[in-house]
């Protein structure tokens, strides 16, 4: 079934989608209060982790769901974000804004260079070459003894906002993350329906056709690739703050794989799907792992079930529940 | 040879076929006429089980094949030249012909005979399918269907993009086949040529059979002739 | 020094063949049937565990191996019928997601059944020991056996895909299965058989390397990535490409790691050389892939997109 | 009349096969120039070299006095060379309207706009719809392209080509697959275009060719064997035997 | 019911490397059950899986401290996980007892009053082998380790106490499986001994391929390469190979013998040092709670008691240095086969008496 399926129908769906978005964000907004009332304030931290990966997932959905560029090196950007925090704060720059700037520069630069090379390839070749670049970045930080190599480095504290240590409070941190998630979501929403977004999706559909009507795909794809990488880097900055620890483990290809799972599970080319995917996967991880050390088995079963019984991911499932079910006739 | 009864079908929620009924006897040529998007190809897909019918029956050589798997239906003696060629891009011309061939020893079609019909294909025998020109691909699709030695050939827009000369040859060839007792179901945009050799015509509109009759009757009906035949 | 070089070259080839053994099944399922099977590594692992158990039970390597094959085949059949057959028409990413789930399931099941600590398979006496090569240096007989088996499989696969009718139908089915069945062939059954074959090849690889490598959970993962690297470098769908790519990866990795630091010392100070060498060593394979794809975006023998 | 496009000694070969064998041709401003020839003669390949999809091995392509031999496809499209594909290529995932609107967008304003919703841009949609009306596909505007029938696909293909307001229109078998009525729509449309729009037309539908073309060239085995007014070509015996055929030749070949 | 002590275990319990984590968990569990609690208190044990992911570990550690409000956190196995959970636990106001990972930074400049290690400082085991090689008078060695922090530390540790010539340092990628290239170099350079640090599956591969390459006559010294977690797979190919350790299953004291017997009965495997050190961690905590009479609120008392390490360690003499890293004996161990056919490491001789790490000087705690 074509990736685009979900997209072209988006017009009709928009209403239902914004509805879902409002619901999800409303729920997320009240989460800290709820968990505190439930006498389990700690969960706020767990959920801020979810928000962070939701941001990363959205960014991946941008390149993958809309740009048609499936990458297995996306986690590298999270790593860049995290190391931007580690490096800068070691040199006394603890301001969140500046650190994000650094992260964006780092990730954007890397994306520009590697993307320019990777975009020579297509489909699975693209997956693998991005994997290659991701792994190179990973191994670079593994052998970076100055920052603990693969042992990573513990941060002396969370970033500051205009000199104040607001973020030390988990609740504040949560809402900052939520705000960023909201921004990223809105930004992406506009992006994909913009002229630029159309060219991007059009290129995914049929490159030759796009060239025939006068577009040079390369530039647009590279730009999209870079934008997504920068967003992921922001998620990295947050992750470093949430764990107050930075390690190459954040950027191994497994992590890229997990992000990919979140997006596909949630439903590609829907943006919100990424968010849903992140929530579901991480909650499952938290929940199941408390029951048994063989929790991965459970997660595996869930993934299988979703693929088999809900072709277009959770988004598709939701669609059908709402009764807007629309299945694709494959030739 | 082929009997289609009250065929109904749809893509997802949008219904396309409402009531299609017609039959093709052994040794006769039948055409499906109709404007773009009226359901001709969908009818074909339904017959071959590529799009399992939502209603009605498909009977091939006396056996009810409704809802059977495509390969069973084809094995019952149907050969398909699909719309839009659909040749195998990653196989060479010769492999395209050989891969799905059946009964080449016993049957009337063999590699040589197909090459005899389309010398062009023989020249390009070792090229990949996707390296062929549009017309060559079309020839290949026809040859591929014939190589399964069917008793009923279904040609959906089989002469699209073929040079007039080749078209002539194909019509001539079909005439020959008919004479040899092969049944043929044709969908084609320029039917005037095949009006000559076709026995009966089925006009489809909005998923329903609007009219069916012999060529003479067709020529006698100006409004239909106007509509579907180039004059 | 030269003799060492040739030895390392041989080692590289040997590693390459080993990689090809693992990649062989994948070329069939991914390269030819165009099905992304992340669980391939898991199948490979299962093969190794089956061999480990059966060899232990029967107490004889050969009998164990002979039993492990059909077992792996069966496993593949079951998977195909219950799961994979429903995924052929789905997008690559759906396949990734599903097989990713499968990997988790298989890995954990293996841990439940066999425990987390490594197992091993004793070397068959017939092939244990080593023969002198390049003067005083000894070379294990079993490794030589692996090389031979690898070549045999490569040739076998190539003929199956390129020379036989089944191969043609397979390629045709991968590009347009609906059309194949509309022309009267039960492509489903063919796929089932071939998939099972691929699974068996994976299992076979696992079993055959068990005497040299440790059998432990996650042994599949590192191999999986390498197998994909090999196929992609070789060019998807080309057996010859996969084989040559495997050898290339093996040789480059081996020589790179054993002589790289030495070469680096020509341009860098010893300490710098060793640190850079260390940093580059694990990247070698990926560098190679990136390089090949930069020059030839569809791999060495891939069809132009 | 001045040549809008002139081709000098164009050559292209695939391996041993010489597909374009030294073609010299001038396309005059405003004319409809048809190219006919047997299957596999090299027509599509020829057009692909004009549109920039393929690069020639040798020769020159001059468009409006500018050498565009090395210019890529997108570049030529921007200069106003637009083609339709023989083997349909539309954005299956997009709606029919979006398909055309995108073509309009390519020719109007920057596409580096990241926030405004393109679907709400009136002028884009207006122009796009206009094109659909001209090819008679407006009633399916909101349909998903993959839901179109084969003939409808062909119509869309044409609409997209129109939408990019080309100065030179390269049409590779636009009539293929369209039925009588659709054919008539296209025919009358092209009659209306005739004069103002320069068109290079590849077609096997002789009725269309001879009723539309100002000049016809015949391509056989990669070389032009004849160029002239329709009636001249129709009369040319060489052309008849190589391509047109006639009743008596029917079915002469082995089958 | 009496007051209860909350203890959180954090080990790698899923994924490829789970084997070691399981040993740790089992060892601690065994001790708690035998003691029928800790320090006379009932034990509320929470076991969490760090998945060998630092970020997950950090989260779970905070979870233990802030949500479960545990008094002690015991774990982890891997050094990089220790780095990740250190601050969450210590700042969360719980005692952190590491039964395996003992990195240099927390032994030295970053030492912490609430952090205790029942294993060793990572370098020490390697220093043992270095010293042994030195004493045996091996003039030349080749060193092998995976290219990650612990690997680099290991070779550094070895070289601390070895003066001879290091012909070559071979760093392999993590999860390396085919050592023929490395072994070819060994065969070519013919060192008088080989020292390797290859934990887990890598160790199994290396040891078996070492034998298959016919190199057995070159002495094979190692750390965490041939131990109870890998011997089931290495079997006879590891026979006679030497390693450094602070304990072995045939340790000559009743407590140890009894522990090994009990562990085998319950878990069907011979325990390795991972299990032993976790067991000792339990004994340590037990002793501390006892000495404060079960008053967990008396944290200073607890800390003092922990420092005293007033318990019967399975390895005999055991005390803490100022940095709360053990001062203990280190042994040379060799692989032997038991009459029941199983393999285990066995003490050959003592190399260091009451040996302390080199970083204690940098630690400010006195």
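Lettered A, B, C, D and E in written order, each chain numbered from 1.
The rule is simple: a residue touches a chain if its C-beta (ideal position, glycine included) is under 8 Å from a C-beta of that chain, and two chains touch if they have at least 3 such contacts.
Since this is a predicted model, take the numbers as computed values, not measurements.
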Target subunit E, source subunit C, minimum contact steps: 1
Relative to subunit D, chain with the most remote C-alpha centre: E
Of B-C and A-C, pair with higher C-beta contact tally: A-C
Most distant chain from subunit A, judged by the mean position of its C-alpha atoms: B
Distance from the mean Cα position of subunit C to that of subunit B, given in whole angstrom: 45
Separation of subunit A from subunit E, taking each centre as the mean of its C-alpha atoms, in whole Å: 37
CA centroid of subunit B to CA centroid of subunit E, Å: 75
Centre distance in Å when subunit C and subunit D are each reduced to the mean of their C-alpha atoms: 48
Junction residues of subunit E - those touching two or more other chains: 14-15, 18, 147
Residue list for subunit B, restricted to those that touch at least two other chains: 11, 50
Touching two or more other chains - residue numbers and ranges from subunit A: 2-3, 142-143, 294, 296, 331
Residues of subunit A that touch subunit D when the two form their complex: 2-5, 7-9, 11, 190-191, 193-199, 201-202, 205-206, 208-216, 220
In the complex, subunit D residues that touch subunit B: 14, 36-40, 43-45, 86-88, 147-152, 155, 173, 176-183, 204-207, 243-245, 247, 249-255
Touch list for subunit C against partner subunit A, complex: 36, 83, 86-87, 89-94, 96-98, 100-105, 107-109, 111-112, 178, 225, 228-229, 232, 236, 275, 278-279, 282-283, 286-287, 289-290, 293-294, 297-299, 302, 305
Complex contact set, residues of subunit D against subunit A: 51, 53, 72-74, 77-78, 82-83, 85, 89-95, 98, 102-103, 105-107, 109-119, 121, 144, 146, 160, 163-164
Touching residues on subunit B, where the partner in the complex is subunit D: 11, 14, 34-37, 41, 83-85, 113, 116-117, 119-120, 124, 131-139, 157, 160-166, 168-169, 171-173, 175-176, 189-190, 227-230
